[in-house]
Structures are given as C-alpha cells and as structure tokens.
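Right after this note come the structures.
Both complexes shown next keep subunit A, but they swap its partner, so subunit B is in the first and subunit C is in the second.
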Partner chain A sequence: MGKLECSGDASLQNALELVLGYLNQIPSYGHREVLILYSALSTCDPGDLMETIQKCKKSKIRCSVIGLAAEMFICKHLSQETGGTYAVALDESHLKELVLEHAPPPPAIAEYATANLIKMGFPQRAAESAVAICTCHEEARIGGGYTCPRCKVRVCELPTECRICGLTLISSPHLARSYHHLFPIVPFDEVSQTPQNVSSHGFSSDCFGCQQSLLSQGNKPGLSVTCPKCKQHFCLDCDIYIHESLHNCPGCESFRHSNSTATRMV
Partner chain B sequence: MPSAPSKLYSDDVSLLVVTLDTNPFFWSTFSFPFSEFLSHVLAFLNSILLLSQLNQVVVIATGCNSCTYLYDSSSDKSHGSTSGSMPSLYSDLLHNLEVFLARDQQLAKPWGNAAAGGGGAPPSSLLSGSLSMALCYIQRAFRSGPIHPQPRILCLQGSADGPEQYVAIMNSIFSAQHSTVPIDSCYIGSNNSAFLQQASYITGGIYYRPPHLDGLFQYFSTVFATDLHSRAFLRLPKSVGVDFRASCFCHKQTIDMGYVCSVCLSIFCEHHDKCSTCGSVFGQSQSNVASSTNRKRKA
Partner chain C sequence: MKFQIEDVTVYFPYDNIYPEQYAYMLELKRALDAKGHCLLEMPTGTGKTIALLSLITSYVLSKPHAPLKLLYCTRTVHEMEKTLAELKLLHEYQIRHLGPAAKILALGLSSRKNLCVNPRVLAAENRDSVDAGCRKLTASWVRALAAENPSVRTCEFFEQYERAGSAAVLPPGVYTLQDLRIFGKEKGWCPYYLARHMVQFANVVVYSYQYLLDPKVAGIISKEMQKESVVVFDEAHNIDNVCIEALSVSVRRQTIEGARRNLHRMSQEIDKFKATDAGRLRAEYNRLVEGLALRGDLPATDAWLANPALPDDILKEAVPGNIRRAEHFLQVLRRLVQYLEGRLDTENVEKEGPVAFVTSILNHAGIDQKTLKFCFDRLHSLMMTLEITDTDEFLHIQTICDFATLVGTYARGFSIIIEPFDERMPHIPDPVLQLCCHDASLAIRPVFERFQSVVITSGTLSPIDLYPRLLNFNPVVSRSFTMSLTRDCICPMVLTRGSDQLPVSTKFDMRSDLGVVRNYGRLLLEMASVVPDGIVCFFVSYSYMDGIVNTWNETGILKEIMQHKLVFIETQDVVETTLALDNYRKACDCGRGAIFFSVARGKVAEGIDFDRHYGRLVIMFGVPFQYTLSKILLARLEYLRDTFQIKEGDFLTFDALRQAAQCVGRVIRSKADYGMMIFADKRYSRHDKRSKLPSWILSHLHDAHLNLSTDMALHTAREFLRKMAQPYDKTGGSTGRKTLLSQEDLEKMVEGSLVDSLF
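Take a look at the complex of A and B:
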C-alpha cells in the first residue's frame, strides 16, 4: 500500500476499457457491474469517451459512480446510459452510506442475463493425512484439499475451476448460503394482550425457542408473537433473531407433520 | 486486584447445549441399547457440571416427530426427586424424556403407516428443529449480560441425514457460524453424516465418530468436554475429510456433479428445460460453460 501514490490525470475511458476487457469474459448468465469512486473534476481520454460508454451499454455493464468532489455531467451521463446510479458524497459518513448501498445486488433485469444450467462439481474434502500433488501449486501437499469429481486431481481451495478438465468446482455451503431467500419464513403475528389469552389453552407461558418466560410482572402476558403455521409462541428477541439471522422457524422445524413441512419443496 | 465476581468468571466457563437423538426407528435397530447410551450421556453431563460451578448444561431431545427441551441446569424450575435419591439432573431429565417419548410416539400414530412404509429408509430425526431451538437459547444467553459463559452445541446423533432438512440445517449452520458458536458432533450411526461433518467444519467444531461404543464416556470426557478456551492447546481428533456433496432438488440424492440454475442456484442431477424452483426457462441459444470448454479442448 505504501507504493500507491497519485500522479497524472484521471481517465474514465481507460478505466472503462480495462473493465470491458475483464467483464467480457464473464458468461452470459452473470451480471456485470462496475463501481467507480471518482474524485477528479475532469477526465483526460485518448479517444472518444462516448463511444466507450456505448460499448459498455452494449455489453450490458451497469456502471455506477460515487463522486468525492463535485457533480460531473459525464458521470451522470454514464450512469444514466448504463442503468447505474450516481451520487456525490457530502462527508465521510455519507460516503460510507453510499458505498454500502451498493453492497446488496441490484434488481436483475431478466433480458440481460439469460438463465442457464451450469454444470458444476461438488468435491469432497480429503482427510488431514492425504498426500497428493496439487494442480495450483504443482507440488506435493499434505492435508486438506479437494478432489475434482471428474478428473480426480487435487485443488487447494473452493470455489475454483479445475485446471485439468475445466469443471467449475464449488462446495454446497457456498450455494446454500443464499437458499434462505428461496424459502423465506412468514412474518409472525403479534399476540393481543387480552386477559382471555391467559386462560386459553393456546397460550404457553414460555417462548418456544429460548424458554424465556413470556409473562411480565404480575403473571400478565407480556409481548409475544406467534407463527401462523405452527402456532407456537415466541418472545420478541427470538422473533428478531429468527427473521434476521436464523431464517428457520423452530416451531415449524420441530414438528414433522405440521403444514409447513408438507409444503416445503426441499 | 480484579474484583471477586470477575475472578469467578474464568475463560473456561461454558454453556453446553446437547441435542440428543431419540429416534425410535434408529434405536430399535441399533446394536448399542439406548439405556446404556443414556447412562454414558448422563455421567458426561454430570462431569460438565462438576468442572466449574458456573457451567451450564441444556439438553434438547431430537425426536422423530417433535423436539423439546429436556433439561436446563440454570432454570429454577428443576425439582429434585421426591425421595432425594437422585440429583435433579437425572430425575428431571429422565422424567421429561419419558413424557417426551410418549408424546412423540403419539404424534406418529395417524401417519404411522405412511412413515414406516414410505420408502426404504427409516425416518430421520428432526435435527433442524433442535438446532434451531439450541441457537435461540444461545441467543438468550448472549443477551443475558456482558459476562456470560461461552456457548457451544454438541449433537449426539445416530440417525441418518434427512435430505428434506438440508436447507434448514444449512441455515442453522450459517447462523451458528455468524454467532461464532461451534457445533461439535458425536455421530454413532453406520456411515458418516455429511450434514454434521459440514456443520463442524464450517463452525469450527469437532466431528468424531467413536469406534468403540462401550467406551463412549471416555470419548465424551476427553474430546467433547473440552471448553473452547482449552482447545487452543489440546490435541483433538483431526477431521477425516468432509463430504461437501450436495443433494439434488429433484430426487434428494447426493450427487457430486450436477447442474446449477444460474438464477436461483438450485441443484439438479440431470438437464431440465425449466427450473422447478424459480420457473426460469433455460436459454436454448446460450451454450453452457461445459460445452464451450469442450469446444476449446477439442480445438
């Protein structure tokens, strides 16, 4: 990091040509995006910048810019043409906010990326004592590596593309991380505070997830929520945890023959 | 001089949440009797409570049709046996276990024929349910204050993996990884459990399949009783490989090579025209990566 220093003029066209070269290698089902952090007030280009912008638009690259100095027309034009966003940061915290806005992926446009079935391999991790020659370092390695299911060579880490047979290698947890978006859990309903609930058979005095007492002082029911599918009661903290981190309803998972398990696809 | 309360809380205080597999379909056909297994487990839990005054133990039963809390050492609801002959750990746990097993069996009755006759494999236990409950309890422990025991989960499992629970178990594993809660697994079934291997690998726990079940207590006390602080300088069993294979969405079989939908990432074992999860139609004109690589190699 110590060797990086600023010199010369900023060039949007050179940056975009470089990006075009990299992103054109991405297969058609991938989404192409570039985020430019721009603090210069001009751009010094070797050719026609408008032509490069049209090339980006044709390659379906979504260009977004975050300006650090002042608003520039060329950045606005670039982001408008390619469907990206342009914002100028007012101060440090605003800059952080603007950068983090780009963290979740943008809504995908169906025509831009055609759906495809990609052939992938799911290698097994070898035991700690296994010895093999790994293809990435080209030397013998002891210990944890992965075996390509098609050509049986060792690779060091996942995800990667097998050097010998070209198969994309991935581990199932990599894909499973996003499955909670496919099968979301329904929001829980709030339980009303009427006195009838105390004596009704449906009301339990403990949260199903963490066993914390749902009764506030004086044995009156405190705030709680209930899952519409399995009808179990949860405290508010469990509700937040379940919907934000766990993505599983403990009640629905703990009963085999409830409606929720019958309708699940996986 | 540190004040007395903080001195009591040393690094090795742990909160151990145990998920105990009580699947009757597994235990009825297994060579090792459940009663003997339970005696090893109870001795082990007692030893955990003896290691430190501040250690906490919670036991959750993983049944075939339901899951429930069996014992919580920190709850004030525990009442020892009336005659005082057994400590509350044993009497409470055994009493709750009996009640749970009866209820679990009752829940199976209307579907009993379907469960036993459906497919060749015995029904699996609801590991996803007990893991979710364990994680909710651990979140409650985190909320209890700035000083709290270090939580970990121990899965005592014998039943085979249920492929229908794949997504739920993976969600629990990622949530545990996010909260830095290791999931240890002691698997006593016949073949290794891919789900538990992945769980222990991803969360930084230990997966161990004891070779001799008569000495189960010894494996428990030397491997699984170790607290997280001590694991840094103890030599624990190394992993014998992790099975990262996925199960396909169409047949639930484990596959090591498959097709992945580019939109929703569902896994299929054979080529389909349409994704069953997200409904996207796969483009005919676009060639997939495999065929383009083949063309490169042939050229």
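Take a look at the complex of A and C:
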C-alpha cells in the first residue's frame, strides 16, 4: 500500500466493480467482505452506482465503509444495502479503533450459510528431518511443512489450497477457532432478582456451568444471567468464561445432546 | 397512545410523543377552551400538523354536544395531501379505539384543475382554462339547451351527480384529492361539485388560504361555514402578504387591450340578443331594478368569482339607474378603460390615494363612486345574461371591474401607484397601474370575526408580538416553543469576514465590491470541499444572483466549485426549476454532491424541503431585505407607521429575518436530521437583526459562532460534521434529556406537573 499514490477523483463504482471481479471467485461458503477507507466527499462515477450496489447485494458482498471526513449518503446507503457498517473517524485513535473493529470476522448470516459438503484435507505435519521440495517456494526444505493427504506434496503453511490437486488444506484447530466467529453466542440476559421469580420458575439455585450456588450470603439470590435459548442460569464468572474462551453454551450443547438421544430411544 | 390533557382524552396515533408537542397541545387546548384566537410558533420537523389534528379531533370527540368544525388552510396542494394523509392515519387509530362512533367526514377541496375527472376538460393546460372548460359543459343554459338538443355536449359526471340529487353524498371517512377523484370516477359523479357540496357537512375541511382570505373565492366556497369552527392557518408566516395580495389588483397595457376586446365582443353579443331575444335583456333590466338579490339562488355551476370586496362592505342596494341597461354599462366601462389607459401613459411615477383617484375619475370620465362600486356585480349579471361560458377569455374586463369595485369601496388602507417602467429596467416601458392594499388586517378581519377560534401557526413567527399588530387581533395565547433535541443537530453560524478579514455584506454600497464577491466565492468553494452531498445557497434576489454567479464564472471560482460539486440554479421558469431540482436530488443521491443556487422569497425557498443529505449546509448570502425603493413597499411602510405605529426599520428587518429563517429552516425536517446554517453577512452579528430570528435557531447560536471568518467557519464545519456522523441514541435516555415520551412518561409528568419545568 505504501507504493500507491492517489490522484484524480475518487470513484466508488470503479472500486466496487474491482471488488466484484475479485470476490466473485470466492466459493459460496466463504465470506465476501470489503472494507473501504474513504476520505473523499464525493464520488465521480462512470455509470450508475446504484446498479453496482445492487450487484454487490446480489452477490452477497458485505461492504463496510470507514469515512475520514463526514457522513456521505451514498456510503451509508451502500453499507445499509449490503449489511455492512458505516462509521466516520473522529481522530487517529478513533480510526484505529474502527479499523480494528473489522478484524474479527462478522457472524454468518443464517440464510446465506447453506449447508453443503466441501472436500477438505487435514495434512499431517511432516517429520522434522524429512527433505522435500515444497510447492509454495519451489525449493527443497528440511523439516517443517505439511504433506497433502491426497497427492503427498509438501506445503509450508496452513490453511491453503494444494497447488497440485486443488484440495483445501486445513487443520482442525483452524476450523474450531473460526467457527465461533461465524456463530457467536448471543449475550445472556440478566435475571431480575426477585425471590418470587426463583420459586415460581422452580429452577435449581445452582449455576449450570460450575454447579456453584447462585445464592449469595443470607440466601438472597445473587447476580445471575440466563441464556435466552436454553433458559439455563449461569453465574457471572461462567458468563465471562463462556463468551470469551469457551464459545459454546453448555446448556444449549447438553440440551441438543439429550434431545438427540431421546429421539434415538423413541 | 392516548392520554389526558385536562378534561380531554387525546388520541395520538404514535407510541411516543415529543415534549414540545405535548406543550403545544396544552396551549392549543386552552385557546379552544377560551374560544379565542392563538398564535403558536414551533420549529419545523417537530410534528406540528399531527399535534394540531390529533388535539382538535380529540377535543371534538370529547365534547359531542358542541360539534366543532375544523377548517385547515394550507399553502400548497402538496401540503394539503400531506395533511390529509396524516389525518387518515389518525382517523384509523381513533376508530380502532373508539369504534364507529369516532367516524368523521374529512376532505380536501381544491380547484377544478386538481379535482376534475373529465378527460376533455382536463386537457386544458392552466387553471383558468380548466374552469372555463368545465363551465362550457355545465352552465345552466348549456344544460337547458342540451335537454332540447342532444348534440350539445355536457359533462356526464356532472349530469349523473345532478341526477343523484340528495343521494349524492360522501360516506364518512377521510378523502384526499386522489381519493375524491377515484370515488367520483367509480360513482360517475363530479368530484369537484361533490366536494363543494360536502364541505358544508364535513367535520374537517382542508383547503387553501384563498378559500378563506380572498373574498372573490371565499364568497362562494366558505359562505355557509358555521361559526363554531376552528380555523387553522398552517405555515402562516407569510399570511399578511396573502391577505394583501387578495385585495390588490394591477392593470397593465395587456389588461387594457384585453378589456377592449372583451367589451367589443360583449357589445356584439348584445346586438345579437337584441335582434333575437330582446326579452332577455328586458328581464335583466327588471331584475336589476328590483335589486341585486340574485346571488343566493344561482345554480352552483353558474357562480363564477364573487365580489372582490369584503362581504360587510358590499352595498345591499339596487344597481344605480345609469348602468342598468347593458349598453349604458358598456359605455361606462369603455370610458373607464379609456381613462385608465390615459393614466398609464405617464412619464413619471405617480402615487394617489383612492379618494383622489375616484374624484379624478369623476372629473375626467364622469363615473361616480357608487357606479364604480357596482361595476363588479353589474358585469357579473351581464355575463350571465349573455350566457358567456369561456370565462378565461374575459379575465381582463374582470380585472378592470375588480379594480373599480375595490377603489370605489375602500378609502383607507389602499393606494394607487402608477409606474411607467420597472425600476430595474428603466429602458423598457412597461407601465403598470396598481391598486395596493397596505392593511393585512382588512382581508382577515371577517375570518377573525366569524369563527370561534383561529389558530395561526408556523415554524417562523418571530418576533411573535408583531403578528397581532399586523393582523390587528388579540390572541388569547401566543407562544413560541423550542425544539428538544438529543444532540445539537443544528449549527447556525454568523460569518462576517472572509479569510482576508475583510467584512462581507450585501449592503447596497458593498455588494458589487470585488473583494466581497470573491470572499463569498471562496466561502462557497471551501465549504464545498468539506461538506458532503448537498449544499443550498440563498441569494437576496435574482439580479444579485445573476451578477455574482457571472463574476464567479469570470474569475474562475465557479469552475473550481464545479470540481467538487455540480451546480444547479433556480430560475423564474417553474419547469426549468423543477428539472434542476430533480437533477440536484439525483446528484446528491448518487454521491456526486451538488449545490443549488436559489433566491430568498422564491418558490424554492417557500415550498421545497432540503432535508437529510439533500441539504447538509445552507448558506444565506446577505440579508434578504425587500427592494426598499419599491413604491409599493414605501407606501405600505408609511401606512404601517401611521396606523399601527410600526417603525419602517422594524418592519423591514422583521420581514427580512423571517425570510432568512424560512430559507435556513428548509434543511431541518426532523430530529434525526442535521444541518449547518451560515448567515453570511456582517449585519447578522448586530443584536437588533439577530434577535429577530426564531428562538429555536437562536438557542443553538453560540456566542463563539457570532463573528466568524471563513477559515474559522470551515474548522467549525469539519468538527460538526464529524460529530454528527457518530451513531447516537435516538431516545436520548442516557443523557438525561428526554425527547421522546411514552405513555407512562407522560402520566408521570402530568402527576408531577413537570411540564412547566421542562420549558
């Protein structure tokens, strides 16, 4: 980016057309997302920008814009149409904050994420001393790297696509780590602390996560939260742990599990 | 939501209400209770219309024993439709809550041009020819002729409406003009006459100012309205001008020539009638001897325009003998036209009072005051007798007779001004004789006297104490409300100097100074580079705009501006302006950015909204004073000083500032919107000018923004735009400034009577 220079009028349409060309090749299960840093206050376009925006919407490209000067209607319109976000930076630190907000991938949109089967390879890490020519650098390397399970070729890093057989190569932690970004756990609701609530709902006074008592000293109900899906109660510590590290709701998981066993039994 | 205001249960169709709307309703309710007139100022974009409608309809519902009628006057057809749409929403809500008991009949009334469904009539291009087209098909004699001779064309819609007789009624509901046309087409009834008929029975009537204020029209449409009515004038900041225009007539060369042609044709018609049907002329003569009691029993279709004088001032006497015979009357008119033409042939500007003018007519043309007074009625009767239907052709003689009647009726508050040419173009002879009304209270007095409550409301009525003096009435309530905002979404600035620290102004001795022109140009250029989307500029007059844009073009500033944004200009041609506006909006929509050059007091300044991205910044170049050398204005100022003790300077400043406020108010249309306003003239920084701005602008005008130069304004603009682009909480709950009240909030507020502490 350092080498690029800017001159002439800004054109949002040209930029979007370029993006469309690049991102159309991304398979349907992938995210198509573009972040536009826009400092101009107008856009000088060769054609109808609205059409291009509709095209972006159709090919499910999520367009987010960070403006540097003032709010522009067209940018707002673009981000609204395509489901992106639009923000204007106040100063340098705010700009950094805004850009970093885009670092974690956005949650998958349920209607876009149609389930389909994808062929994937989980390559093994090659033995430390083995010598092989890697396809990425086209030179002999000692140790490191992974071996494609289908064509046995050496690659240096994961995730990638095998240059020989075109297989998607990935390791299972990658999948696991990216999964929670796509399907984040909804924030838990705070439980209003009335004693009647406790008795009428008839729930256990224990945290579903750590099995500690939710009652604080003097048998008064302490702070607790509840998952809006499985209605289980959790203490605040578990809430933080679930959302920041675990990325799975124990309540929902066990519920799903017991549900499936129940159907099997029937 | 529904809530209590004192003893009235108010049905409000939205879930939340702004605190100022509540306060507005409260004041309005008190005025209705007191059966008095009121004057309320509330900024645009705070839901004035719905507050008015919902309070008044709820007030009527809560007092079923004394049914009030609501007459809602708007300025344009567009506003009429918007009001009716709001009313429809409200009505549905009330029916949902109260059942069919809440049913009302509400309809809009407009000219034939907007209501006619007959394709043959509608083909005509302007209003007058549509009216004449309608009359050609529906006048009583045409229909009588058609009854004998089927080849004579009539209007099938009107015929069916007539045949339906008393069965032709509108079922209760809210009808926009569009709805009326649809209903008319479905039933095959003429929507225009149906609407005019139903106006008597409707609970809510929405129509234009003219139907109440202009005696020519009001005499026909609004004569039968009950006294127990609430009259609302919305967007009424220019109401005094409407009143004055209603009673002013101007006569030009074309009018004289047209009148000659009309007279010629009428005398031909008279000769024809004499040969074929002399009895008719005789019958007319007899009727005139008995007195002029013909207005009441005329069929609706024959009524043309009513007497231009106010109802109280019309003589209830028989027409004087010397104009009873048609030929004699034509002779009188010929002499009058001759006299007026002679007066138009003048080298210098003349100004006269009506009394002197009437005396001079008597001396030179031998027509006395009483005869003049009856001109209008006599002409009307004659046209009826001659069975003239193409009324649009006869507008010229009509104007002459209006003039004669007014000049004969009023001795005070008017003056006659003859100008041989337009002051701005002294080389082109364009003589004009104007009968100018100076007293706005004349036309509106019958309204105040007749109706129980008159509500005058607008976004800009400041200074609020001047209107009662101009219109000569005593309001029981006059209040100005400010807008409660979650964030400071308007940013008014007074710019007094350019970047080079030289003062800028459109004062007469400075306006053509190159330095000022350049500084204005730089201001616009720099602003165009920091403001996104749309910018609106208002100039003080067309000629000034032409001049300054020319200079900008020569010095290359315009070209530089065009690199940032496209430039569109308002012209005096309506079609051209509409096209320019369309393209301006398009340019704002697609992100190219655009600037619209417009003129204060022009069509755009009055009726077009530049909300959201269509207007992020409005620049008012100069103070839009009226053309102070105009003879009409001088005469009016003199009259105001002598009669109402309003100083010339005060009135001029008031008038200029309300125009400026109206211009800049175009950019804020709702609370979620934001916009900047730059008053670019050093005179705005003076207290006597600034203090006449409405309070909702003044409250956001910080002291630091009172004396800015271009570079400082630029800095402020950048900051403001960044701040406004940040997301914000619409309810304003966290900041402690409540701007949206739910039902519970309201109830709490009433209990603690927090209302007063809020304002």
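Operating definition for what follows: the second predicted complex is superposed on the first by the 172 of 266 C-alpha atoms of A that agree within 3 Å, B and C clash if a C-alpha of one lies under 4 Å from a C-alpha of the other, contacts with A are read in each partner's own complex, and residues count from 1 in each chain.
Going forward, a residue touches a chain if its C-beta (ideal position, glycine included) is under 8 Å from a C-beta of that chain, and two chains touch if they have at least 3 such contacts.
Nothing here was measured: the structure is a model prediction, and the numbers come from that model.
In the superposed model, B is the one of subunit B and subunit C that contacts more residues of subunit A.
When the two complexes are overlaid on their common chain A, residue A:41 makes contact with subunit C while staying clear of subunit B.
Of the two partner chains placed by superposition, only subunit B is touched by A:149; subunit C is not.
Using the contact criterion defined above for the overlaid structures, shared-chain residue A:230 touches neither subunit B nor subunit C, since it reaches no partner. In the superposition on chain A, no contact is made by A:19 with either subunit B or subunit C. Legend: residue contacts after superposition of the two complexes on their common chain; A:66 is shown touching neither subunit B nor subunit C. Contacts of A:166 after superposition: subunit B is touched, whereas subunit C is not reached.
In the superposition on chain A, contact is made by A:253 with subunit B only, not with subunit C.
In the superposition on chain A, contact is made by A:180 with subunit B only, not with subunit C. In the superposition on chain A, the residues of subunit A contacted by subunit B and by subunit C do not overlap at all. Across the complex, subunit A is touched by residues 64-69, 72, 75, 107, 110-111, 123, 126, 128-130, 132-133, 135-137, 139-140, 143, 164-168, 170-175, 178-179, 198, 201-202, 238-246, 249, 255-268, 271-272, 275-278, 280-283, 285-286, 288-290, 293, 296-297 of subunit B.
Per the touch definition, subunit C reaches subunit A in the complex via residues 529-533, 564-565, 588-593, 612-613, 616, 718, 721-727. Listed in rising order, the residues of subunit A touching subunit C in the complex are 12, 41-45, 48-50, 67, 69-75, 87-90.
On subunit A, the positions that touch subunit B within their shared complex are 27-30, 108, 113-130, 144, 146, 149-150, 158, 166-168, 170-173, 175-180, 182-183, 207-212, 237-238, 241-242, 245-250, 253-257, 261, 264-266.
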